[in-house]
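Across the two complexes that follow, chain A remains constant while its partner is chain B and subsequently chain C.
Then we have the complex of A and B:
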């Protein structure tokens, strides 16, 4: 029993990272209909940035993280303005191709700026907490807490603010939102800024828990899209549930079945869910 | 007038003779190719190896190059990134041989990529010197133009099994990159000797080379209550295992087979998390275990590249000195077969950093395999400390290797 609880705890930590990645993807997809493949690479850019600030420049982690989040918002806005806005009214395939090209470009920029070596963000969080026999390393605890805070903050923003209402209005019916006086030109900018900020937070978590290296962002975005499909396209609660389900499934598969096939088993679970609920766990039926 | 013309003719003849002599003693370029993992997960081994070859080439050139008769050869090193990938390695070597004209191929940190090149190198007019790649079959295929400076993984694994059994452990859990054959081979040899000592392997948990979260496997291991842990894999995932084992409170002695430097481990785990970890591997470079040449190598490498050399990097450094001696012995850089033959007749070069055990007075045995001693190193206060040699009989293993067909 203790082992099961420990494995679930392990899974919740990695699942929290998946949740943040998937939240960013689902908001962009749900509201703008764009499959933003470069999201993982941009997230890792944020992780690299924190690493450089902390390890090379001696900046405090607590200062480096907000700086990276703000830079991430700016980068997200720029991506929307320069890459996706020009094809906003064009065929969907254009945005799709831009997303692929952007992924390669951002990966290349990361490689040029930060090199090919893997990097681990030095946090100094070495303590280990034990609760009823279940151990939780300090970094994992902070990852879970930070993800929870970000999810609550995002939900509050989307549900409780005027801008959030405008975002939801655009997601539901863009034309009606225009008629109601919503400034639809600014909404994509805000969505991308918010989405990229969440991605950067996930990148920092990956860099602190594990490591950032070329290719990690691409792997994360694949997991993010799996969560998106599992939870239901465009559904924020679906992304949260889906991320946790994927993380816990991976941990249980590696712990109780075979670590060699943990990714396969996680995706098998996803397929099984989709067989019974094609719209995903919390996606709306069409 | 006649006298002047005679003197003039004499001077002209002397100048002509001197210039002819100078033309004969030309400085020539000797291209040495390096194929190694310069990016990706295996770069922790490949980059230091490529640098080690570069350093050795600079030293040989600074000492006047390789003199063959009236010719002096200065070494030019061309390095290609094979990403430890078999296809990339085959392409790199093809480029080195076909386009760059390289006859001598060094580096080769990783077994998969090395095995792919070994499969066709016998048909080439070239000599292949393998470094850190530890898969046994590389030197059991009877390839005349291939030698290897690092001993095979099972040679070390057997010694490690005996050592861990001698520590009184009975239940060892294994976690490692077990889909990589030479790591599996190490564990197999470890298990054979460990079982002889009365122990058992309670589980074998695998991780991929790119995996960084091993907490599910470690949680499973913790529930099995082993009395020791054996970690086999590349430095980075192994470092995550050591870090996460502490985070999960897995408080048992930890043994490993990784060959990582202090700097490489400390990028992932803290010194406290590493404290007490054993690395059971060939007696590679550590300042405590090495001689004067090793200390000089460490100093020169650090000064040249700004980072410390990895423990396994001298396998590649020693390759270049073995090649130099073989070229001198063969008296040619054109005849690759003669150089390959000379390699197998060489004593250990005096500049070699690793502590080789010569077989019949030669650095490489009939299989083209070199042997070092094996050692037990322990992480103590932030550094690997050489504790003791592990029991390893190179002659016996050499005979065993000769008995394997393919």
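Then we have the complex of A and C:
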């Protein structure tokens, strides 16, 4: 029983990372209709950036993370403006192919700037807490807490502010939003900045929990999309629940079945969901 | 897209060009690249069928190549079956997997379909890597036999130029088959699905059957290409059947011109030779590659073939004046 609780706790930690990745993907998809496949690689760029700042420049972790988050916002906006905006009115397939090209580019840039070796962000968090018999390393606890704070902040932004209202308006009806005086040119920039910031946060978490290496970003984004399929596309609660479900399922599979095949679990779950509930677990009937 | 006399002439010219190509190449390495390019022509024709004609971007082609390659290699190595038999059974094995993969994934559209197929490619890769009893994991399979009876046989397939012609025949066959499919009623339904799937349903056609057909045939082509690759290189490992290679197939179709017969041929040669010419850029290769993909999508969405036919049209207009 304790073993089970332990695995679930591990699953929630990795699930938090999936939630952040999926939240970025789901807002971009739900509001702009773009399957932003480069999201994972851009997120890992943020993780690498923190690693370089902390490990080789000697910057404090608490300064490096905000810097990376802000850079991430800039990069996100830039990607929207330079790459996706030109194909806004073209076939949706074109945006996806642009996303594939971006993935190659960002992966290439990561490789060029940070090398092919795997890196771990030196956080200095090496304490291990024990709560009612369940051990939880300090880093995992912080990851879960940080993810919770970010999810709450994002929800508050989208639900509570004027800008958030404008974003939701554009998602519901672009033309009506224009008529209501919403500046629809700036909305995609804001959405991309916000989702890339969440992605960078996830990248930092991956870098501190596990390691960043070439290909990790791609694996992450595929899992993020698996979460979207689980939770229903464009759904924020769906991304949160889907991410946690995937994280816990993977941890249980790794703990009790086989760790080599734990990555297959995500896809098997995804395929089963598609077969029986193509609209996602939380998606409404079409 | 009809098979006009002009198009027929163009195809013949390309075929003739490919037949005489080896006599113009003195470097063995370029013959090697040309063999790879022809193998990629087969993959790209399949990719074009599902992506260009049906409008569903599948990112699993390299995974299916892997199934074909491992299928033929394992049948040959473990059961000692003749090479021609294992090469021909590779597409059938792949078709089986594609049926199982295609049925659930074709329930979703657009980006979602792309992502699900991509996930399939990842599953195939992980299984190839971890099923070490069968696939020998990362180390891969070695000593995959060549077709024919070796150096003493009537045809020496170990010779690169000979293998080039062998693959050329295969690629021509696959291209002809694709042309046959897209010019039939079936092909018109596929194009109709790309343009308006709801309307196809309204016309009383079960769109899913046609989509599944296109998906399975495209996978069979990839499996066939994988088998040809395995017997050409005599060595395979999971590394060459990843998503990156599947994206190459997508790129070949986009660069060449999607929804055309000549497009994938040009695109396949482009994706094999372009990285060679970008070698000077070394690690920037990936960046430049991605940039080309983005710029091509923005500025020439109809590919090289589209660009060429636009240029020809412009020239004709000038002359008419």
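Here, the second predicted complex is superposed on the first by the 281 of 286 C-alpha atoms of A that agree within 3 Å, B and C clash if a C-alpha of one lies under 4 Å from a C-alpha of the other, contacts with A are read in each partner's own complex, and residues count from 1 in each chain.
FYI, a contact is a pair of C-beta atoms (placed from the backbone, for glycine too) under 8 Å apart; a residue touches a chain by one contact, two chains touch by 3 or more.
Note that this is a predicted model, so its numbers are computed, not measured.
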item	value
Contacts of A:210 with chain B and chain C, given as first, second, both or neither	first
Contacts of A:137 with chain B and chain C, given as first, second, both or neither	first
Chain B versus chain C as contact partner of A:96, first or second or both or neither	second
First, second, both or neither for A:156, with chain B first and chain C second	neither
Chain B versus chain C as contact partner of A:176, first or second or both or neither	neither
Touching partner for A:7 - first (chain B), second (chain C), both, neither	first
First, second, both or neither for A:260, with chain B first and chain C second	both
A:275 touches, of chain B and chain C: first, second, both or neither?	second
Which of chain B and chain C A:63 touches, first, second, both or neither	neither
Chain A residues contacted in one complex by chain B, in the other by chain C	219, 260
Chain C - residues contacting chain A, complex	55, 57, 104-105, 107-108, 110-112, 114-116, 118-120, 122-123, 126-127, 130, 243, 247, 250-251, 254, 283-294, 297-298, 301
Contact set on chain B toward chain A in their complex	38-41, 43, 179, 205-208, 210-217, 219-220, 222-223, 236, 240, 244, 246-249, 267-268, 270, 272-273
Chain B-facing residues of chain A, complex	2-3, 6-7, 10-11, 14, 116-120, 126, 128, 130, 135, 137, 140, 209-211, 213-215, 219, 250-256, 258-260, 262
Chain C contact footprint on chain A (complex, rising order)	29, 35, 37, 83, 86-87, 90, 92-94, 96-98, 100-109, 111-112, 218-219, 222, 225-226, 229, 233, 260-261, 263-264, 266-268, 270-271, 274-275, 278
